[in-house]
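Going in written order, the chains are labelled A, B and C, and every chain counts its residues from 1.
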């Protein structure tokens, strides 16, 4: 995702342009904006309070959906596959709740956290529509059209950090004669792996096998290596930065990861 | 009878014609002449010495309550705005506004309700990477600004809304966002998802990870706090 | 208690039916929001079918006769104007917010990130000669100050930012300025920036001055044009 932007106006920002963006065409699975959006839609189909949804059923529906699209050979963005991997794992935990002595993960807890995430997203959706439907200046209500202010030439100059940074960036661009790099998505970059891990693991306090993220959902024949390598690399990097904890109980044993928590014993961070 | 106060400020019959309260006239003129909200402090400074600004504002607000133009409290100041029910008449004045994409709308809402918020937190809530440029656009429109930094590892930049946002959406302050109290009460404005189930062991639950974090959220971005509070 | 909103609050001549109310409200809103005087013909077209426009205008004019704002007929049509006796209040309106020119933004950025920095160094980084006025402006605004002198031949004056700068940008200290990398990572900036801007980069070419300057001129805001020219 590091390709440089050669035009300032992004094509997919405004409503009418959404469909034209090639990036969105990949991400946009049947009009969904990301895996959580898809999950939310599936959850709504259960027609119960989001707090009471069956996460197990939801996981199954999601996996089914992903399977269907995979057989259609649609290119699915990494986010969807990471979620699929995660849900496959969650499903297994929910079906076979037998925590090992090392692994205190509780399936129900993860499921509940997922439900809360869905509620939170739904709440923001509602908030967004409340906001957009307010009486808006210049659309529903109007200010004085002909202000009668005799402006004295006393100016308060106004600049934002953004102006400052943009100016700085502009300088660099001018002298660097910037080269446009267009990266293809054939590789799962370290950066992507990192972001995906952060996003998915952001709220998981339990020791979770790393392989969850490198499951078959993620690894198609073409990108197997890059996913394995980047995923592993990214987890090491995150561990080094203290954003993730790693644990491996025996040589070649499953690599477990979790979010560091102040209350937890700091897990060994040997990779 | 609640109108009593105004009745004596503005004479009922044209014939009686006692001088219209001069302070109210002045206030009316200043606010009417400005297209942008004027803060109470500034109004106070421009009114004659000894005027009770907030009382006058209250009277003026009431006076215009049923008119085609209303006095509204917006973005921590006061401004006259056309009445919302007359929107249909105002088609000629509408500035063509392109609609924000759904992603941008959602992002704006998240920034507004969760501010100050980092980009990673926004993405966590949405569960999807943010298309480059969406944040850019919101900043360019002038509704979102960089607030400061989170006192956390990496000291990430935080984002929030600004006065132009409040003005556009006819809000006086961030705490007036629709439904924000209910959302806060239901815990859905927490940036960390708290496990709902209770644990048997008394290990610190995961969401306490951010004890310091939470304090940060409350106290750090002082400017935003000021906005919300004052 | 038959206090009919405006009938009560806004006194008008006897005999007028309350049915006029909604039309008066409409007229009020249209005239308020319009950016120029509106002709009677246009008003007639925008009011509900069957409205007697000139009668309504007369009523509205009378209604506002003693107010801080009056309805007046000017050459092109009708408009609200603040009452002439309150003109003195209009002069002291808000200070105008102005944006820095691109050149000034760039210079401020360089000073902020490289302080203490000399004028020659600024020019080297920008790759163009700097108009004296831009630096003066930044000092006048109160964001840039003279820090001291460089221990180097000629002992050139160095510049840096001051407390007003930090305050304006809501920063605690200079080191809280967002980093380029960080902003690039969040998609706000393109990532092609960093290496050129290191200070040890002494051989940054300052040639091509002419061309770049010309480009600059194109982007300069008019206000700075004036500054720079003078």
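Some notes on this structure:
Going forward, a contact is a pair of C-beta atoms (placed from the backbone, for glycine too) under 8 Å apart; a residue touches a chain by one contact, two chains touch by 3 or more.
Remember, predicted model here, so these are calculated numbers, not experimental data.
Per-pair counts of C-beta contacts peak for the chains A-B. Distance from each chain's C-alpha mean to the overall C-alpha mean is smallest for B. Relative to chain C, the most remote chain by averaged C-alpha coordinates is A. Centroid to centroid, with C-alpha atoms defining each point, chain A and chain C lie 37 Å apart.
Centres computed as Cα averages put chain B at a distance of 20 Å from chain C. With each centre defined as the average position of its C-alpha atoms, the distance from chain A to chain B rounds to 29 Å.
For chain C, the set of residues that touch two or more other chains comprises 29, 32-35, 82, 90, 92-94, 171, 178, 183, 188. The residues of chain A that reach two or more other chains are 5, 142-145, 148-149, 160-162, listed in rising order.
Residues 29, 32-36, 79, 81-82, 90-100, 102, 105-106, 108-110, 112-113, 125-127, 137, 141, 168-169, 171, 177-178, 180, 183-184, 188-197, 204, 212, 223 of chain C are the ones that touch chain A when the two sit in their complex. The part of chain A that touches chain C in the complex is made up of residues 2, 4-5, 142-146, 148-176, 178-179. The touching residues of chain A, when paired with chain B in their complex, are 1, 5, 8-10, 12-18, 21, 23-24, 27, 33-37, 39, 79, 83, 104, 106, 108-109, 112-113, 115-117, 119-121, 123-128, 130-132, 134-145, 147-149, 160-162, 195, 198-199, 202-206, 241-243, 259-264.
Remark: chain B residues 3, 6-7, 10-14, 17, 20, 24-30, 32-34, 36, 38, 42, 46, 63, 65-69, 80, 82-83, 86, 89-90, 92-93, 119, 130-133, 135-136, 139, 146-149, 155-157, 222-223 touch chain C in the complex.
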